[in-house]
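Both complexes shown next keep subunit A, but they swap its partner, so subunit B is in the first and subunit C is in the second.
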Partner chain A sequence: MEAKLNKKIEKKTGILSTLINVLVPILLALIIAIIPILIQNENPFKVYFYMIFGNFTSFDNIATLFHTMAPLILTGMAIGISFKAGLFNMGVESGVIVSGFVTAVLGYYLKSWPKGVLIPFLFLVGAICGIIVLIIPAILKAYLNVNEMVVTLLLNYAYIDILKYLTTYVDGIRDKQAGYIKTFTIGQNASLTGFLGSSFTLFFFIAILIFFILLFLIKRTKLGYRIDALGKNTCYSEAVGLNVKKSIIGIMLLSGAIAGIAGAGWLMSDKKSYALDFSGSPGLGWDGMVISLLGAHSPIGILISSLFYGILKAGVNYVSFNTIVPGQIILIIQGLLILFLSFKIFTNKSSIEYIRLKNFINKCELYFEKKKNKRQKIEVDKE
Partner chain B sequence: MKVIDVILINTFIFALPIVLSTLGGLIAYKLNIVNIGLEGFMLLGGLFSGLGVYYTKSYVVGLLICLIFSGLIGLIYAFFAIKLKSNFIITGFAINVIAGALSAYILITMDRKDLDLNVVNAENLKLVFSGTENIPILNGLINSHSPMFFITIIIFILLVVIFNSTRFGTYIKVIGENEKAARAQGIKVDLIKYLALILSALIVGLGGFAIAVEQIKLFTPDIIAGTGFIAIAAFYCGNGKPSSSLLYALLFGLAKALAFTLAFNMPQVEGILKIVPYVAIVIVLTVTAIIKRRKSLMRGVYQDE
Partner chain C sequence: MFAIKTVALTKKFGEFIANDNISINVEKGKILAIVGENGAGKTTLMNMLYGLLKPTSGEIYVNDEKVDFRSPADAIKHGIGMVHQHFKLVPSLTVYENIFLGNEDVFELDIKYRKDKVFKLKTGFIKKKEEKEIIKNLIEENNFNIDPSKKVKDLTVGAKQKVEILKMLQRNADILIFDEPTAVLIPQEIEEFFENVKKIKEKGKTIIIITHKLKEVMEISDNVYVIKQGKIIDYLKTSNTSEAEIANLMVGRSVLLKVDKKYRDLSNEKVIYRVQNLSTKDKDGKTVVDNVSFEIKSGEILGVAGVEGNGQTPLAHLLTGMMLPTSGDIYYKDQRITSFWPKELRKIGLGIIPEDRYLYGLCEEMSITNNLIASSLDDENICKRGIFQTKEIDRHCDNLIDKYDIRLSEKKGNISSLSGGNAQKIIIARELEKRPDVLICSQPTRGIDIGAIEFIHNSLLNYSKNGKAILLISSEISEIMSLSDRIIVMYKGKIIGEVDAKNTTLEELGLLMGGVGFGSQT
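Take a look at the complex of A and B:
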């Protein structure tokens, strides 16, 4: 009876503290962002009004909102799984741009392929690009314990320079008729067209589908345990017999594949050709980081916060259209959000946290014991 | 021989901000705080020194403004990391994002694309010896150094002295190794952390000044281009020791200078040569990790964390 009550209280306080942990940073960021708006001599309430409610004024705008959300869900998940496993993987951004570039080039050259084959093929190629981008940092982290954050951040710069070179100087990639540096526009068969003339495409459903596949993997298979265990304590995981190296590589590559799909989908549904500002500013990968932090790296949280962040990101267009504030205000809000999300108001250092941790360790031990028993059984059978 | 001279001079120019940022980041690293925000600290240093130089047209005033604001940013970072017990990796990353956003926003508010900082004419401040032009390598080594070069040398010597023979430096090392033990000994941990982080921010801010005012002589939001992360790689490779971190920073500066000089002579592949420093650093990081691993007596990769 008492245990049940404790659990109830624990659940309630848990939800309350997470809510406060998320809402207070959002409010603080929006309040501090008033200062640069005031410098521009603009009414902050008007700006926030357009930013939030501008999205819901017409069917087209709502469609645009969901369209903006699609890559954000994916990059949010890509960052979320690696951050939760304690891997500060910043290679999501490079995964997005590399797969976008490759999709643009292939979408142009393979435009004679039928639509039903070409689009799945391009998504697959995008995922593979994301994996290739992350394979070096993953192996370095797993086998040599090289700091993955430094490596991925440095390689980001390298990939940006490589893609810049390829789009600018290579014949057959750059579209010289265009007024700015970009690749050829992809063929009709490679592009995802919007329903009912809006910008809302199939990509949103693909993103949601991938989200639910990931949710299933995390909640119902051992992937979720691996991620949790790695994030909580690598030493413990290794001592207990979890294959840390394989898990790190697996999680990083999965994250890369999701990022690649995001890049390919964003190119096919929105940009249609690779230009130097393909990922936008802030890039989709960095958006994913804010979303993942807002959602506390949990799948459902990431879905909700990608809706919230999508509102801000799509709303900025209406802000710069209706007021004198430039769209760069979103960059400042993003930075402030990350800053205030970096600390927790409720750290839950009480006995509740202790009980939770104990439960988790018990679960882990049970899981590994089961596995050990299974292995022993197999060995006995073999003998 | 002339090429070697050019490469040497370029090495010093490119290595200077990396060295400053490495030395600053190293202080935080000794406290067991890996400051990912070095990039942002440098950009903000460059932004405020740029604004100062642009409006007052004075080198010294720009330097002072840079120092004041860098200290302030260091204080904010320290407040988050110490008082609010934040995840300092994410705080550092937030500072990177805010720095980029703020510089872009301020430039747009001023209705400009960049800030021209050539008004102070940093070239004229360089120390030039007249007698050495004909001596090959020596000329590249000692001639035409900017004031910041000498400031960097002074900072380096100061840091070595602080870490090796003052109480403050010892306390920093103690806190980095075991904070609880330091607290138990009655060391004022928070105060020392605040001081060290502000000192670190000041030095890193000078790195931004070196890039904006002396190296590029122009301020745009993308002038730093990964220098902060290169610095992080440098003190990782150098294991947190000032002298070996300095060597790695110089090595990375050399890689940048080589790429720059080659690109100058082969403009058709310039774009691809830009990646050389980044790839070189990743390779160096890998090699040092392999060496570290061989020396280590522990079993398993993750035991030391």
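Take a look at the complex of A and C:
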């Protein structure tokens, strides 16, 4: 009886602490973001109203929301699997932009290929690009134990500038007729078009499909086991005979491949050509990091938080349309989110806060029990 | 008058009683040795005397004055100094800076106010010259032969210990406590250390040494307390006792757990696992495994005994592929397997039960099922083309949980929901189920309940009956004695002796563990 009650309390505490861990940073970020809104002399409730409910006012808006979500799910998962394995891979952003660039170039030159061949081919190329981008940090980390965070972070800037050079100065890549620096627009056969005239494309389904494949990989395969074991206890992984080097490389490259698919898909479904602001600011890779942190690196958590983040990101358009607050407000919210997500109230099950929460729930449980007993007693007395 | 007197000192950690009613008297100006096995409670006692731990009950008197230490600072004020086993020094600072750390001699500004009153304002500037001079004199006084302006990171281990001693002397400690002072020293340094200690004693200081090395006890101490399982067993005058007597008292005649070991004739069995002249160094370049050779036959259990910290852990790491040897070789069925990865070792047929259960053996935050299948991921039945066969895995795990009597509160739970004994059974189940020909087993029953110990002992015995070889590394002597066919004893990284388990006595083993070598030398 007591064990059952304990288990119940344990479970409740677990759920509540996770909720608090996620919701408190979100609320804090939204509350502090009120300050710049007030400075603009705008009603913050109006802003948040449009940001959230603007997404659901029409079919088109909902379609846009899903369309915005697609790359976020992928980059969130790309970050999620590597963080889960204890690899702080910052290279998702470079995976996205490199694959986006290559897709743009190939999508223009191979536009004569039939659509059914070209699009899968471009996705494949995108994945390979992501893998290539991450192969250097993966090898450095696995064989020389070079800090993957530093390498991937710095390589991001290298890739950004290389792509900037290629797009700006190389003939045959830059579309000189355009008013700004960008590549040629991809052909019709390389383009993912929206259903029913909305911006909702096949890319969303591909993202969801990949999400479920990853879910299966994590839950049911040896690779998932490697990710889990590596993130939770490296010594154990090594001692029970998992090849840690192979695991590190495998996980990094998988993360790169997902990032690559995200970049390719985003180009084919939304941007259609590579410009310098292809990935947005901050880029899709960084969005993925917020999403993964919000979702505590668990697949379902990532799916939910990419919906939340998608709502913010797509909702910003309705904010700038209906109020005087510019869309850049999302940058402030994102920055605050990262800041507040970086600390956790309940770090683990042995932390004082967690135990306090447990005691509190225990007390509540006892209180309700007492009340129930009293009521029953009264009823019995009445009878 | 005693330098330190304790009356019925007791320390409990939860249910566990680390020190039970300990009353000791430390005579002034003498060297007192406190001996006992690992976990006997020596360090707990000293930590209470030094103010690091608060006693649960009991009293401490220093020079007949009742004290209540809240921190080491209080103890230092009463003239008690402690040199820890692991030195507490800042490597990047010089010798004198380390000694004065936290206690710096700084320039003071006199601020006069209200005519004759003076306020001394401490500045942040340290009187380096004066400090250096003081330490130089102190070093000369004690003949320590170290350079006060050298950085600590450039010193040898012996010199670092001297710095620790100087630190205590500089703070005018009258009572010095040494926790395993010779554990990290090389033989020459030990000699020097003894001379220094004797010199300090001549100055009228009281010294307490915690150790388990009997030779050193005999050489240096005036009196000995023997402590076992948190209780004082005996108080002896060193001149009236012998190493053998202390060894006997220290190890004690603890009741052996009931296991039914049947000794078999192994002379016709083949040697299956062989280690030849294996040596390795630790991170600091100290040789921790020194020219170790042994062989195991099929069906044999070879026990590796020894006081903890005498090279058993690095040896186990070497044999299980977690550490690389500097020289020497390991052979399995005549195949050279030196420097193999754990993965490769498991593939050719070795089972590994690691010492650190929760670091190398299990992943606490993973489920019981996942831990049970960890070493069978290459098994077709369990993981076909990289995809887990859930049904088969469930069946396999239920089977193991049943067979090895693993008691769980919930099947889907994590390892962290299990008791130590059941967690260890998970490892045993996982490793034995692979049917390895050689099992390398470190401290298989440390810190677990009697029931689980008995179960594991019987599992190991039954397993060896099928002609499998087991290397059993343990610091539990009773465990080694009741399970092994042959016992080798490690001391300072070397094999100091080998005895036949059937005919040996606790006394003989105790002496070997204390570094007194006889029996058939290898």
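Annotations
By definition in this document, the second predicted complex is superposed on the first by the 338 of 383 C-alpha atoms of A that agree within 3 Å, B and C clash if a C-alpha of one lies under 4 Å from a C-alpha of the other, contacts with A are read in each partner's own complex, and residues count from 1 in each chain.
Methods note: contacts are C-beta pairs under 8 Å (C-beta built on N, C-alpha and C of every residue); 3 or more make two chains touch, one makes a residue touch a chain.
As the structure is a prediction and not an experimental result, all values here were calculated from the model.
In this overlay on subunit A, subunit B fits alongside subunit C without clashing.
Once the two complexes are laid over each other on the shared chain, residue contacts for A:43 go to neither subunit B nor subunit C.
Residue contacts after overlaying the shared chain place A:57 against neither subunit B nor subunit C. In the superposed model, A:221 lies in contact with subunit C only, and not with subunit B.
When the shared chain is aligned, subunit B comes close enough to touch A:334, but subunit C does not. The partner that reaches more residues of subunit A, of the two candidates subunit B and subunit C, is B. Touch criterion met: A:235 reaches subunit B and subunit C at once. Of the two partner chains placed around the shared chain by superposition, subunit B is the only one that A:144 touches, whereas subunit C remains out of contact. Of the two partner chains placed by superposition, only subunit C is touched by A:243; subunit B is not. Of the two partner chains, neither subunit B nor subunit C is touched by A:362. Superposition on chain A leaves subunit B and subunit C with their closest Cα atoms 5 Å from each other. On subunit A, the surface patch touched by subunit B in one complex and by subunit C in the other comprises residues 235, 238. Taken together, the subunit B residues at the contact with subunit A in this complex read 34, 36, 80, 84-91, 93-95, 97-102, 104-105, 108-109, 225-226, 229-230, 232-233, 236, 268, 271-272, 274-275, 278-279, 281-282, 285-286, 289-290, 293, 300-303, 305.
Per the touch definition, subunit C reaches subunit A in the complex via residues 320, 322, 341-343, 345-347, 352, 354, 356, 359-366, 370, 374-375, 377, 383, 386-388, 390, 409-410. The touching residues of subunit A, when paired with subunit C in their complex, are 3, 7, 220-223, 225, 228-229, 232-233, 235-243. Residues 36, 39-40, 88, 136, 140, 142-147, 149-151, 153-155, 157-158, 161-162, 164-165, 168-169, 234-235, 238, 244-245, 281-282, 286, 289, 293, 326, 328-329, 331-332, 334-336, 338-339, 341-343, 347 of subunit A touch subunit B in their complex.
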